[in-house]
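In the two assemblies presented below, subunit A is common to both, partnered first by subunit B and then by subunit C.
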Partner chain A sequence: MTTTQSTEVPTKAALPPATSTGLRVQSAVIKYGFIFVTVTLFTYFALSEPSFRDSATLLDTLRYVSVAAILGLGVTLTMAVGGMDMSVGAVAGLGVTVAAKTMVTYNQVGVVAILAVVAAGALAGLLNALLIVVLKIPDMLATLGTMFVIQGTKLILVDGQSITPGMTQSDGTTAPGKFTDGFLRIDRGTVLGVPVSVLIFGALTVVAWVFLARTRWGRVLYAIGANPEASRLAGIRVGAYRALAYVLSGVLASIGGLILASRIGQGDVSAGTSQLLEAVAVALVGTSVLGRGRPNVWGTALGAVLIGIITTGLTIKGLPYYTQDVVEGAVLILALVFSFTLSKRRTA
Partner chain B sequence: MSRARLPLAALSLASASALLLAGCSQSSDASKAAGDKAAPAAAATGTKPAPFSKGKVKVALVRQSGAGDYFEQWGNGAKAQAKALGIDLTVYDAQADNAKQATDLSAAINSGAKAIIVDHGFPATIQPEIDKAVKKGIKVVVYDVETTNKSVISTKQDDASMAQAVLDVMGDQLGKDAKVGYVNVAGYAALDKRDSVWKKTADANGWKQEFKVGKVTDSTATDNVPLVSAALTQHSDVAGVFAPYDELAKGTVLAVQNKKLQDKVKVFGADVSNADIQNMTAKGSPWVATAGTDPSAVGAAVVRTTALELAGQLNKSSVEFPAVAITQDFLKSKGIENMDQLRKALPALNLSKVSTADWIANVAH
Partner chain C sequence: MSPTEPAPAVRPSEPIPAVGLRDVSMAFGGKTVLASVSLDIAAGSVVALLGANGAGKSTLIKILSGVHTDHGGEVRVNGSLAALQSPLAARQLGIQTVHQRIGEGIVPGLTVAENLVFEELAQARGNPFLNGRRLLARAREIQSALDLNWSDSVLRRDVTELGVSDRQLLILARALATRPRLLVLDEPTSALSAAEAKRLFALVERMRDDGIAVLYVSHRLGEIDALADRLVVLRDGLLTEDQARPFDWDSALRAMLAQAQEATAARPQRAGDQGEIALSLRGVPLFDGHPPQDLDIRAGEVTGVVGLLGAGKTELARGLFGAEPFPAGALELDGRPYAPRRPADAIRSGVHLVPEDRHADALVPGWSLAQNISLPFLRSLAPLSAAGLVNRSKEDALGRATIERLGVVARDEHSTVEELSGGNQQKVVVGRWLAERPRVLILDEPFRGVDIGARRDIGRRARALAAEGAAVLVLSADVDEVLEVADRVLVLTAGEIRLDAYGDDAERDRVIQSISASV
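Right after this comes the complex of A and B.
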């Protein structure tokens, strides 16, 4: 993701320069425009629909977007190194299948399932890293390829069937295990009234933010995204850091898969596919938050929240899904106008 | 400064108008659905009981998927009946995304709906949410969902009646002790129910089952042609073949035609759709009988069932929608080419006697 700001020194890019009063106002519009749209929509729904104001509805909204948001965090990391990860939806789907296979077919406890899913996610990330860093395949194409390979692998693992507790397996025996109660609590449980999946979303957002914006590693990732050649000349092991970004993205996607598996409660082979576009959308739209014009963690998280507000609000208003897509797209474009069109005008 | 504010104002205006536009398309869509799909409602004569006596009642419809001919018509029937009853129906459509259906159901519970209709879904995914809804005092009506909660009203298409209706016609046409073929697959709840009726009826009539083949794939109709063709090569003396699912029946029809047996072998199918009617009435079609329900009437009947439950007048925990036999002769003699004409010619499809009361304006009649 190279932008107009990519030529700046990465450590300074976080602070948009404001040199005169006029520019300062305009940069405020750019900086807070996205947040303004979010708050406006939120206020509109909250005032017009009493059930939207309900805290349970708001927590539901966060629960709904948690998976796309966590996948989006992974996409953000790969965008920081100038790449893109198209395999996150497939990796999340693989996570659902691996979780079901571990618990239902092999009758293992939830902890084993969690470890297996995260390991599968890391492996998928390593595969992406191998293709992109070692074999030099362009990121978009490589991860598109792994997307298909992972989806296919997932289907082969289960003979194309959704794994359900008590199912008759291909050898005629009955599946011995079930989704454990502890595992189901990942999405269905609450702590102090907040769904566990929302807490995971919040925690991962903070961790990813600290990593990307407050550590040396994070700055190195941004530096590579801004100028890989300069980074290499500065002595950075560019390949290793890019590989790290894809492995972390795979792990984050698998955590999204854990939440999906817990939400669905069985091995749904179609799970995850719908998450890819939303994850990429929230990461892209996140670049416009706070006028950064580059991938950033808070932007991604806020982008996910905005999509959640739109979906929930419009559904409560009674709009069918096919009109929602248009509104959702329009608002996303509007948000991008803030970061790209207005930013360009400022620099021009 | 003004230069900076102008785009912002323009953009917020654009955002507002986008919402407005979407709002307009919704209202026109709803009225169109009601006007097109449903005949004018049979007027309600009785006094509305609570909660309907107090104005609009909020109900949520949570669907696993609303896509495809069958589910679209089902949804249109439900919307039209809701409108006629004064129900404010919010439709949640997960578009076959099971994780979304779980959060949709959760959202519906928090939306303040008095009742929730759940149309299809994985039991493992939706059962915990259904339990939550029941605990909150929300009436839950499920369509074609296996549920363990005793307070839930269960509705479904009556698969046994569907098989029986076709097999009665088959019995009339083939008589006792005929040689027959069977195309079906085990492991699908609906098909298994049709299978048990088949076994009983075949035994009672003394039919000799010469072959049983069949599989369900992404393109079931095409993939069954070679199977049935092979079976017919071995057993070309069968008088009839029972294929109790329209995709299986379509494959069987093609196989019979491939083997040029359409004058000797009759096909008895199940389900009905526009495409099925075309298939049955095509020149030289061996598909002589089927049975089905009208998805639009079923959707409407599910909403009426919900209304009765809300009013405390249902007094039972399950409602099944019986299927009606449809023969090729009937379709041809009435010149029926599509579902709309079939609905007019066959009032039994409208389920007008199912889940109704004098205070309910019935869209199916």
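Right after this comes the complex of A and C.
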């Protein structure tokens, strides 16, 4: 029993690999399962529907998801600090209205509109930061409140009407301006065949990834999300960083608003409303895509693409548009099963 | 309810143990954590379980409490084979476990009374409607049976208003209210001061006299010496020592630690002459409205502060670190005014704190060891980041250096902190603050829930740091822990410094006397 050759208690060098085959399979499922589902669906659609294979369809799909994806990046940042931004859809909608107001009512050029929209987004983010960081309102509730306030403000700004070029204004005059051609090119223009909005989505994804995964600022945001008190005692200005996350989320949402405004070509007062749930869904799907179990930029971007592929594919397959919400909801729940149910069993 | 089998033949002279383990084993992913453990715990006896961090104590406890169900071997309760398939099954078989993490045992938002009767509330049968008066009466019954002396107004308070020690007593009272056959106590005094621990010991002794079997897991040898009828030592998943009273401590400690180490370390030798004053406090009250204190903390030595819970120990540490600024008074660091308003100020000035609760206040869950170590210094340690980008190879190197320097037992610097045992987690937290050589290092209860080997390693690092010219402040409720590491010993009671002694003047008895004199 006490012979020296006994290997009952393995030494460090003799330790077998920490995971058995079963565990490895499970962790592979968690890590790549979602990507596998995407690739399978993609292949299926591509093989069965010739029109799905068309590169124009694919670019259109990316163009379609770019707004929700960019909003989702903002949500990802706030989720990294352990929060949530429910106001992104409203901020994007505010962006649409501000863009229209600047160009149509005040007859300004596109650049001014862009600056005004981004400023409005930053301001909305600051309002969220004030409520959450200074007044200590729980993030979900605070941003739900700002969502309503922003939507209401938007309506007051335009007297409850959508702004269209050439419309008759409340004082009887005709609106002097229009959406400039340059502004309209944000969504409708292409560079080397790729829509500008898709390029913006791609660029923002890379920038957000570098920021969140490679810089110390991103590292600090994650630390705050995982253990705020330990972060404070490590010398981190927790409040300032949380505020930063909400301001960046507001700015990203306003960029989504710019694309949306360019796409609609008028100041539609209902714009942005449907983007909220998609953005939150995309960010939540993103936590599971790479099996990280935490918000991450590539996950969010891939999640958006995945949802785009599914909805486009099913639309081509002839599924009516009104089934889209159910499909997206099912995808979200499947993603949540991956990130909570399966990964929990792994760590138990 | 429990699956039964005829009891094995026992000789009449040997009573059936309350709980018996036969060849119990457990492995995680191919790694053997418990090899083959056989242990009988007799009714009406206290069995102490000793073991270094990672020896398998927690696994054994989790098997007994029905958390780990896929173990090898068998568990018998009162002689019949028992299936501990869930925490509920374990409780129904009369095995109650009080876990080390107090936060996991209480339900915030409920009153003290509701927490006391929580297990009865949580049961499916019985009246589903709450009756405040009946509930309070039952809570009163439980607390009076254990002499907790909690008035009705205490019982009606939200449980979060209780201090740590009262929460611990509450959890214990709740476990005892079910009249268990075996009570497993995992480091029950780790958050208690000496006086509070005495209260707990009295309770444990009463339970034993009532015929309850107690498995007492602790790192504190003094407690075991006072309480236990028998001690067993677990090392690398095997029971290596089984002693009845009187205990042979040298043998027990040798069995517990890999190398033979003397039971009590010699008092440290002073490094040299008194160093210059690093940090001075003038007119600083530790609590609002308490008398202001003056204190000089010198460089080149380890200053130990002994204080019970509520003595102001943690307030002193957090005040110096700017985590909770002092209500009044003036501080100087190396002769210059020093008024940290937040931890960031203190860190910039070279004042670092290893906080009391490593899980709540220091570690980032899910992160690798290297990431946990670098967190405070991503900006200030120049090569760790350039233009905001984190240099991960430098970060890994820092992690490896810390593993090396403190002897952290880990796969590598990419291991997550959860993979480490408690003692090694603590080494990571201490090692983090050594990454940038601090001017003043404050260690608040650095040895809590840490085995003797890790305690020696951490103590050695603290002394080495002082020898290099830093001021080191070690705060603890355990007199021996402080005496083992400190050049100078302060005693803190009720926010006042009672004793301030160097070397031979700081004898154990004197320190204890000065604490008890002020009670």
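As a working rule, the second predicted complex is superposed on the first by the 324 of 348 C-alpha atoms of A that agree within 3 Å, B and C clash if a C-alpha of one lies under 4 Å from a C-alpha of the other, contacts with A are read in each partner's own complex, and residues count from 1 in each chain.
Here is the rule we go by: a residue touches a chain if its C-beta (ideal position, glycine included) is under 8 Å from a C-beta of that chain, and two chains touch if they have at least 3 such contacts.
For clarity, every value in this text was computed on a predicted model and none was experimentally measured.
Participant: For A:223 in the superposed arrangement: first (subunit B), second (subunit C), both or neither?
Facilitator: second
Participant: Have a look at where A:263 lands relative to subunit B and subunit C in the superposition and call it first, second, both or neither.
Facilitator: After superposing on A, A:263 lies in contact with subunit B but is clear of subunit C.
Participant: Identify which of subunit B and subunit C touches the larger number of residues of subunit A.
Facilitator: B
Participant: Should A:214 be classified as contacting the first partner (subunit B), the second (subunit C), both, or neither?
Facilitator: second
Participant: On the A-aligned overlay, A:105 touches which partner chain: subunit B = first, subunit C = second, or both, or neither?
Facilitator: neither
Participant: Could you tell me if A:190 is touching subunit B, subunit C, both of them or neither one (first, second, both, neither)?
Facilitator: A:190 contacts neither subunit B nor subunit C.
Participant: Would you sort A:153 into first (subunit B), second (subunit C), both or neither based on which partner it touches?
Facilitator: After superposition on chain A, A:153 lies in contact with neither partner.
Participant: Once the shared chain is lined up, is A:169 touching subunit B (first), subunit C (second), both, or neither of them?
Facilitator: A:169 contacts neither subunit B nor subunit C.
Participant: Quick one: in the complex, what on subunit A touches subunit B?
Facilitator: 22, 25-26, 28-29, 33, 36-37, 40-41, 44, 50-51, 54, 56-57, 60-61, 63-64, 67, 164-165, 168, 179, 184, 187-188, 260, 263-266, 268, 270-271, 274, 312, 314-321, 323-324, 326-327, 330-331, 334, 337-338, 341-342
Participant: In their shared complex, at which residues does subunit B touch subunit A?
Facilitator: Listed in rising order, the residues of subunit B that touch subunit A are 1, 3-5, 7-8, 11-12, 14-15, 18-19, 22-23, 25-26, 29, 88, 90-93, 95-100, 102-104, 106-107, 109-112, 122, 124-125, 128, 187.
Participant: Quick one: in the complex, what on subunit A touches subunit C?
Facilitator: Where subunit A meets subunit C, its residues are 8-10, 15-20, 23, 210, 214-217, 219-220, 222-223, 226-227, 229-237, 293-294.
Participant: Which positions of subunit C touch subunit A when the two form their complex?
Facilitator: 29-32, 35-36, 236-238, 321, 323, 342-344, 346-348, 353, 355, 360-367, 371, 375-376, 378-379, 384-385, 388-390, 411
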